[in-house]
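Quick heads-up: structures coming right below.
You will see subunit A twice below: alongside subunit B first, and alongside subunit C after that.
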Partner chain A sequence: MELDYLKTLPLGGFNFDNCIRNRAMAESGILQAPKTMKTGTTICGVLFKDGVVLAADTRATGGSIVGDKNCEKIHNLAPNIFCCGAGTAADCDHVTEMIKRQLELHRLNTHSENRVQMAALKLVAHAFKYGGQIGTHLIVGGVDVKGPQLIECSNDGNMYSMPYHTTGSGSLAAMAIMETRYKENMTREEAVNLCIAAIEAGIYHDLGSGSNVDVCVITRNKYEMLRNIKHDNFKVFSKPGGYQFKKDRVQVVEEFKHKLVVEAGEQPMDLS
Partner chain B sequence: MDLENYTNVNIFKKVYEKREVSSIHNVVEQPHHLLKDNTQHAKGGFNPYVNNQGTTVAIAGKDFVLVAADTRISQGFNILSRDYSRTTKLTDQCVITSGGMVADIETLHKLLIAKVKTYQRQFKKTPTVESLAQLLGNTLYGRRFMPYYAFNLLCGIDQNGQGSVYGYDAIGSWDKLTYGVQGSGSELGAPILDNQFVGHNYLVKTLPDDVSVVEDTGKDIINSIAERDIYTGDQVEIVIVDKNGIRVKREPIRRD
Partner chain C sequence: MSIADLQNEIIPEVNTHSVQTDGTTIIAVKYDGGILLGADGRSANNMYVGNKVSDKLEPIHQRIYCQRSGTSSHTSTIARYVRYYMEIQANELGNLPPVESAAQVMREIIYSNKNSLSASMICSGWDPYKGYQIYQVNSSGYFEQGNWALSGSGGTFIWGYIDANYRENMTRAECKEFIKSCIALACYRDSSSGGCIRLLDITQDRVERDYVQYDDFKIK
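== the complex of A and B ==
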């Protein structure tokens, strides 16, 4: 066949080539295979009278260093479905984006609204296929024909449906607030305030979570993204006058002086 | 060498044979630390050390020393305290500030206070910063094989009235510095200090003379570290040592 080279091209999906290398590294005993980072987060979701509230903090960490002080952890899956992501940031971003496209195709093919159950099932099916190696801990919330729905999808392929959920490293702090203050048939106002309080508990008591609070309220035929609804954490002090880089600290060994000749028609570079 | 024969020779044979010989007599003659139970115990199981993180910065000036440290202690992802003081007064002209394990820091600081008192009773004078620097080095090295998990900066006014900072590792290696940073945010703080203050790498060796500028810089450094290091935050504690004694003040910084 003429197009034999096609067989040598990657087929798509994940590339596992480095697994062989990593095993060789581990067996050699000299080098250690690279490890993935554990990330911290606080996310939560609450069902209320006529909708769902999702909330998240905005800190992204790599080990003990803050990588992003104001990242977005609430992802859009469909006009009526949103999803909070904890765990490995890349997995959450790519998996939600992938499911978002599948849902859109389904929407266009069936001319109907997506169901939250279906989105969650797709997420869980994908996660289970990889035996928990894809680090997605998601809280999916939305409103469909069956009313407001809230489903948690963990990386090992489990789905839980409860009226309130918390996940991430700050889940214990957030759940403490949920367990004390949750009640059935809350108003929108109450639900939003409960979510903010839960996320703030995570922000202040869990080192993996921090910065601001994002909230998303989904009701029938409408969603509202309240980005940075709380923003109390910022740098409180900077040295007045800023910093100077003193030149005399470094010894000048040799100095060159060149005359800059501008040729006709050329514009001199702006050096200011 | 005959390679064919070489492969058949078990080079570990002697070792194996020696190990397999066992009698009560042999076991008793073995050194205590080579007994099987003991070696296994030393390897696994209990680990008495834990890092409680936190950052501390010290800067020496012409006639003062400034210490800026955060007040957060943590274990894993949990905050254990938001107002812990990691700086202790040793004499009127000397303080010690540390990062690492709080239990060890506390013990070490108490021990040093006791040693200062003993010194005062014995010699009828307060120890100088230079003496305390050597004393701390010896104290730490005395625990060479079960160290205090504390990374220290000893700061004070020396006999010439100049500010000085002494930096240590956990087992007592030390050096005289003009500024230092220890703890979880040390990698973030060190470059700013290197740029702003006089150290080994600069030709013009003049110490800063304005306390307020150094104070602002120290405060800003802790604030900046708190932005990016999750273990640093809550409050910044400023300690200024000069010829008039020691001043302490605290200011809130981000708590998340």
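== the complex of A and C ==
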């Protein structure tokens, strides 16, 4: 029997067809090989007396186009752990979501708080497996049994811990602010103001970063998400009254009502 | 050109683009009654210093430490694996694991993955079987024992200095000054070494860390 169709099916594992194509395009000299997309961001984190402050800008870019003027770059990993993401937005979203679930399972299994070190190690182990192909440059911060922690995890699988971190295309501008203004044992106010100043340096001096400043303050047993704490570049115009549609624009074809019966008490889960 | 050729040729190029490297100076020296390890504190991405106080002295076991040079994500992962295997071996032995085992495991990991890794490491410490030992594992997966070991990009600049000034059975204070001057000299001439000096003293009874700020470097 002829099984030629099998050859047309995709093979398992990695596919390097684009490598051949890119090389052929580069060699031909007529067409340029496609460039990988670079994303711009400024994110930073600072340790202070009794907690951690994380901050991020809110611009998402695709090439030279601003895709989202007010996106969220501070992700939640656990009730006591947050993380700022730079690099490929999709990778940051999905990797943090995946680790968040692993941490929740660990929390349920052990009945104890997650450690920041563990979250960082999981992120790094995942990034290392893919040899830097996953674009996750993260700053993980949180408070655990060992106190406030701040760890940077880069996409090639490297992690290190310092009292202040900056990442993303605006990291140089932000680092300049950090290097000059950081002090040990700052108060909450000082730390938040330092983070805002660092992110604003990124917003105003780096083309890849822009819009507003998000800040997250994590202390023991408490976190505060201060979304758009600075909004110098907030959208100025919006249609007064917003957009409203007439009620009868959608025709009701059929209408029915059903009464739900709720049984009292906990119901055991069916495990059969 | 086949896909296999492309994999060998293109993929490493992609992988090593803008990764953090320990363009480093690391040195380990045996002295009279111990081992002193020294490392600079710079980790760089191309032209940007990502970390100026990085810790390239990584613990493997109670009396075994390794020093990392090469791509820092690779070397820290290797160190993590070696630490895991030495923990198992220590439990099996019910005693401190041999330094040679740690070096051998490190060599094996580097040798069997040498096409995808960039790692050159020094493994040194004390064990009850052979005493103080220093092993250097290079990036091709070869290892050798010696009274001193030197690795990293900054090492190039101080081979002559070490050949001229190293003596066997130095005292602890002499050895410390020797290592400090070695690393300060390397940092002075090597663009990818700098930041600070981290020192670690391993003796039979204890392990002690020391740190020298950039401002306190002495070239002469």
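FYI, the second predicted complex is superposed on the first by the 197 of 272 C-alpha atoms of A that agree within 3 Å, B and C clash if a C-alpha of one lies under 4 Å from a C-alpha of the other, contacts with A are read in each partner's own complex, and residues count from 1 in each chain.
One rule holds in what follows: a contact is a pair of C-beta atoms (placed from the backbone, for glycine too) under 8 Å apart; a residue touches a chain by one contact, two chains touch by 3 or more.
Keep in mind the model is a prediction, meaning the values are calculated, not measured.
Enquirer: Per the contact definition in the header, classify A:166: touching subunit B only (first), subunit C only (second), both, or neither.
Expert: It touches nothing on subunit B or subunit C.
Enquirer: Quick check for you: in the superposed arrangement, does A:88 touch first (subunit B), second (subunit C), both or neither?
Expert: Once the two structures are laid over each other on A, A:88 reaches no partner at all.
Enquirer: In the overlaid three-chain picture, which partner chain does A:234 touch, first (subunit B) or second (subunit C), both, or neither?
Expert: First partner only.
Enquirer: Could you say whether A:245 touches subunit B, subunit C, both of them, or neither, answering first, second, both or neither?
Expert: Only subunit B; A:245 stays clear of subunit C.
Enquirer: Spot which of subunit B and subunit C makes contact with more residues of subunit A, would you?
Expert: Touching more of subunit A: B.
Enquirer: Scan A:132 for contacts with subunit B and subunit C and give back first, second, both or neither.
Expert: The answer is second: A:132 touches subunit C but not subunit B.
Enquirer: Between subunit B and subunit C, whom does A:149 touch in the aligned arrangement: first, second, both, or neither?
Expert: neither
Enquirer: Where does A:208 make contact in the superposed view: on subunit B (first), on subunit C (second), on both, or on neither?
Expert: A:208 sits against subunit B, while subunit C stays out of touch.
Enquirer: Touching subunit B and also subunit C: which subunit A residues?
Expert: none
Enquirer: Spell out the residues on subunit B that touch subunit A in their complex, using ranges where they run on.
Expert: Against subunit A, the touching part of subunit B is residues 53, 74, 76-79, 184, 195-196, 198, 202-204, 216-217, 219-220, 223-224, 226-231, 236, 251-256.
Enquirer: Show me the residue ranges of subunit A that touch subunit B in the complex, using the header's touch definition.
Expert: Answer in residue numbers: 40, 59, 61, 64-66, 69, 169, 203-211, 233-240, 243, 245, 248-251.
Enquirer: What does subunit C use to touch subunit A in their complex?
Expert: Residue list for subunit C touching subunit A: 1, 3, 6-7, 10-11, 14-15, 17, 19-20, 43, 48, 50-51, 53-55, 71-74, 76-77, 116.
Enquirer: Using the touch definition from the top, list the residues of subunit A that touch subunit C in their complex.
Expert: Residues of subunit A touching subunit C: 16, 19-20, 23, 124, 128, 131-133, 154, 156-160, 162, 172.
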